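So, here come the structures, one by one.
Okay, so chain A shows up in both of these, paired with chain B first and chain C after.
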Partner chain A sequence: MNLDWLDAFLISGLFSVVVIVGLGLLLHLQLGLTRIANFGVVGFFGIGMYSFGVLFTKVDWPFGDFWAFLISLAFGTFVAGLSGLLVGWLIADLDEDGVLVGTLGFATAVAILATTEDGLTGGARGLGGLRFPYDVGSVKADEFLWLIIVSIVVALILLYVWWVHRTPYGRLLIGIGGNEPLARSLGKPAFRAKLWLFAVGSAGMGLLGALFGVMERFLAPENLGIDVTLAAMVALVIGGTARAWGAVIGGFLVIGFFDIIVQSYLPFPREWYGQAIPNIKQIVFGAVLITVLLFRPLGILGDMRRDKLMRRVHGG
Partner chain B sequence: MSETTGPRMLEASGLRSGYHGVTVLKDIDLDVGNEVFTVLGANGAGKTTLLATLARLVPLTSGSIVFRGDNVSAIPAFETAARGMGYVPQERGVFPELTVLENLNVGGMIGERSPEERMREVFDLFPDLEALQGQMAGTLSGGESRMVACGRALMQDPALLLLDEPTAGLSPLYVDMFFEKIQEIHQDKGVSIILAEQNATKALEVADRVMVLSLGESFAVKDAAELTTDQLKEGYRI
Partner chain C sequence: MVDDTQVATVTRPQIQIQNAVKSFNGRVVVDIDNLTLGDHPIEGLIGPNGAGKTTLMRMIMHSTPLDSGTITLSNANGDRDVVISDLPTHWMAPHGVVKSNQVIMDFDKLTILDSMLLAVAKHRYEQPHRILAEKSVYDANVARIHEYMEFFDLGDPYRFAGSAGEKKLLDIIRCLLLDPKFLLLDEPTAGLPEDLTEKVMETIRDLAAAGTSVVVVEHDLNVIWNLSDDVHFMAEGNVVMHGSPQEIRENKTVIEKYLGEGHV
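Showing the complex of A and B:
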């Protein structure tokens, strides 16, 4: 396959966009519908990444790479889902502050464990040995194929989110978001909905973490910073938290701008890319998040209210 | 009136609860059978706190609640609804971003009978809701959203319905209608009701028994017909 036309930076830029869009979509169910501000996105992302990576690289697999890879991937997804179930159960009855502290604390704990459990994770040195479950000839082609595969996974997540919007479960999530005390008095369905939301959302975040790790080929605690959570949140609030497309639009706008336009097409001096630009990006994300949450809680492009949507659906 | 065999609908003893260390309810005893049990009291007497405590939304500091023979004092709020306790809060009783129909359906997620059948019954009880079913609940008038809240709780097929001032702030027309419906829910559907009210005159018309709550304490528990004006006045004095 001749991929000369394709810039390697573009592949990695698009890959960041796609991964953040995926995280943003899952966060949309939690923050957009249910108004649970999960500040621990990167924790679930990381736990999936490391569970996958450790199992894949540390076990002497008796069969081929491909199956070892799939089993490890399933394991990472499962462990992330399980941790989501646990965190969901812990925070289900807490108020907003409790959720913030709980989820943020979880993400911090994951980053610390990745650093201190160096027998398993390689600690601060990191964990190498990850590879694609195929070889199509060149590094660029391998990465390009991976980008396509992960894009398909994210498209499936988008379909799932769409489907949730149309189910009683989705309406219950919106109900919980709009009137939490009432939802609690409704009993088990509301509680179960929250657990399911966290279990599935976290499993998806974990899967994305594992897929991300494969592209990086190397797992390091630096991958587990709050900037991942912030990026997903910023993408979501820019695109509009209340609708499924929000995360997609926001992801392309925000991450696309920084990781593709700034990275490859703006003539900044080379030395800026090491320190200055990542720092500026973080500052911009933080500022955007605060501004949007203060002034446009539904997101910048998010004024397509649900009642308009309903009218369109029901043709009223 | 309440000569049922088997466990009572709700028995509570020595209830204490409140917010952030401030005790609001002080040693309330309650014994409700198959009846309309009305809790009267002035603003701030603790009616809302009492109902929310029974629904397990406000934690107990001491005392016990036995619901249909089971001690529910320690179980979380998400368990009581499944056991047959329907709760209609005083304010914010609907999910604003869901349509009327969706609100009702959320209530229908509990219980065994088919949601369609229950929905039919709710529409028979509140015919106005049928015409409003596609409307976003956040855009309803006060009376309409009370109907939705009440219908939503009925969709749960409750054995006991906790109604917190369902007519507060409504126009007289709605008030009369609501008290009729309360009687209908009790008599036709056999649902026990604990009704918190400030409006004593109307409430006493539908009540079997009444508790007068005063500053978080139970001032009197009487058959509704036996409550005298003096006792009521005394209980409302703060």
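Showing the complex of A and C:
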């Protein structure tokens, strides 16, 4: 396969946009519909990444790479889902401040564990040995194929999230987010629903973490910084928290603009790339976020339109 | 007006409240030794402000937890009694105990139809993997919903509830859609125009005639006198007496504490 036309920077830039969009989509179910501000996105992402990486590299697998890879992937997803169930159980009845502190604390704990448990994770030195479950010739081709595979996964997440708006489940989440006491009085088990939402959402975030780890090939605690959570949140808020396409629009506009155009194509002096650009990026993210919240608090796409949506769904 | 001796056979759902106490910051708001609701099809609950009516209703729904005591639901059709004060709030509706809200409660992102569908949807359809359940929920309930929409003249179901009155009405309709066995109404007609008040009262009468026990808290006493078969008078956290509307409105204590002289 001739991929000369394709820039290696573009592949990695697009890849991070796609992963952030995926995280933003899962966050949309929690924040946009159910009004739970999960600031621990990177924690679930990291649990999935490391559970996958440790199992895949530390076990002496008796069968081929492909099956070992799939089993480890399932394991990472499962462990992340389990941690989501646990965190969900701890925070489901807390108010917004409690949820913020609880989820942030969880993400910090994951990053610290990745550093201190160096027998398993390689600590600050990192964990190598991850590889693609295939080899199509060149590194570039391998990465390109991985970008396509992960894009398909994120497209499926988008399809699910988009469809949830059209189901009784979506209505339940919006109801709980809008008025939890009223939902309870109508017989809706709000606590259990939030618990499962957290479990399923976190499993998805863990899967994305594992897929991200494969592209990195090398897991280090630096991957578990709060900037992952913030990127997903910025993408979602700017695109529109209440809309399924919000994370996609926001992700490509904001993260895409920075990670691809600014970082790879604008003629900044070379010495800026180490310190200055990441800092400028955070500043501009913050400024964009404040501007959007001031002038269009519901993001570019605005509020959900249940009146139009339901009319379409019921064919009215 | 002593307690009627209990009728041997329970004919409709009843709620028994025993030794129920609730205090806020050391001030006892409700303290009831023994009270049975549901001896009559429609019972009114009246009393001065701060008597504990709304708190008592909330205690029954367990949205305000009890300090001590038990609340039991006994069913008409021979089902086992349920100690509902042991159950979380979201189990009340499945047991048929439903309450409308005194203050306006609504889902502001959901349309009128949405919020009714949310009320009627069985929880097994509301799971993350039930992605094709919308049609079943809609088809099974749309006829009933349209009946209410038409009866209360609500117009287009695919819009958001506008006025306070409309939200209040929607709150009551959601309760009706849950097929209550025991319906508590906390000031159901406050904020409703007269024609709708009439319609709500008519619906409540039909419901009670069909076997549901209804308890109404209301400050509009005309509603109480017109609707109730029996009236409980509550003061200082306790139900001090009950009797027919006629007896209550002529009672000296009630006049002194609540109705005032000159009330007809």
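As a convention for this text, the second predicted complex is superposed on the first by the 283 of 316 C-alpha atoms of A that agree within 3 Å, B and C clash if a C-alpha of one lies under 4 Å from a C-alpha of the other, contacts with A are read in each partner's own complex, and residues count from 1 in each chain.
Here is the rule we use: a contact is a pair of C-beta atoms (placed from the backbone, for glycine too) under 8 Å apart; a residue touches a chain by one contact, two chains touch by 3 or more.
Note that the structure is predicted; figures quoted are calculated from it, not measured.
K.L.:
Among the partners chain B and chain C, which is in contact with a greater number of residues of chain A?
P.N.:
Between chain B and chain C, the winner on chain A residue contacts is C.
K.L.:
Pick one for A:Trp196: touches chain B only (first), chain C only (second), both, or neither.
P.N.:
Once the two structures are laid over each other on A, A:Trp196 reaches chain C alone.
K.L.:
After lining up the shared chain so the two structures overlap, which partner does A:Leu145 touch, if you call chain B first and chain C second: first, second, both or neither?
P.N.:
A:Leu145 contacts neither chain B nor chain C.
K.L.:
Quick check on the superposed pair: does A:Asp93 touch chain B, chain C, both, or neither? Answer first, second, both or neither.
P.N.:
A:Asp93 sits against chain B, while chain C stays out of touch.
K.L.:
Let me test your reading of the model: by the given contact rule, A:Gly187 touches which partner, first (chain B), second (chain C), both or neither?
P.N.:
Once the two structures are laid over each other on A, A:Gly187 reaches both partners.
K.L.:
Check the residue A:Leu85 against both partner chains and state whether it touches chain B (first), chain C (second), both, or neither.
P.N.:
Neither: A:Leu85 stays clear of chain B and chain C.
K.L.:
Which residues of chain A are in contact with chain B in one complex and with chain C in the other?
P.N.:
Common to the two interfaces on chain A: residues 168, 171-172, 174-175, 177-179, 181-190, 306-307, 310, 314, 316.
K.L.:
State the interface residues of chain B toward chain A in the complex, per the touch definition above.
P.N.:
55, 57, 76-82, 87, 89, 92-99, 102-103, 105-107, 109-110, 134, 136, 138-139, 156
K.L.:
With touch defined as at the start, can you tell me which chain A residues reach chain B in the complex?
P.N.:
Residues 93, 168, 171-172, 174-175, 177-179, 181-191, 306-307, 310, 314, 316.
K.L.:
Sort out for me which residues of chain A touch chain C in the complex.
P.N.:
160, 163-164, 166-169, 171-172, 174-175, 177-179, 181-190, 193, 196-197, 200, 242, 303-304, 306-308, 310-311, 313-314, 316
K.L.:
So in the complex, the part of chain C that touches chain A is made up of which residues?
P.N.:
Listed in rising order, the residues are 61, 63, 88-94, 98-99, 101, 105-111, 113-115, 117-119, 121, 123, 125-128, 130-134, 137-138, 142, 158-160, 174, 178.
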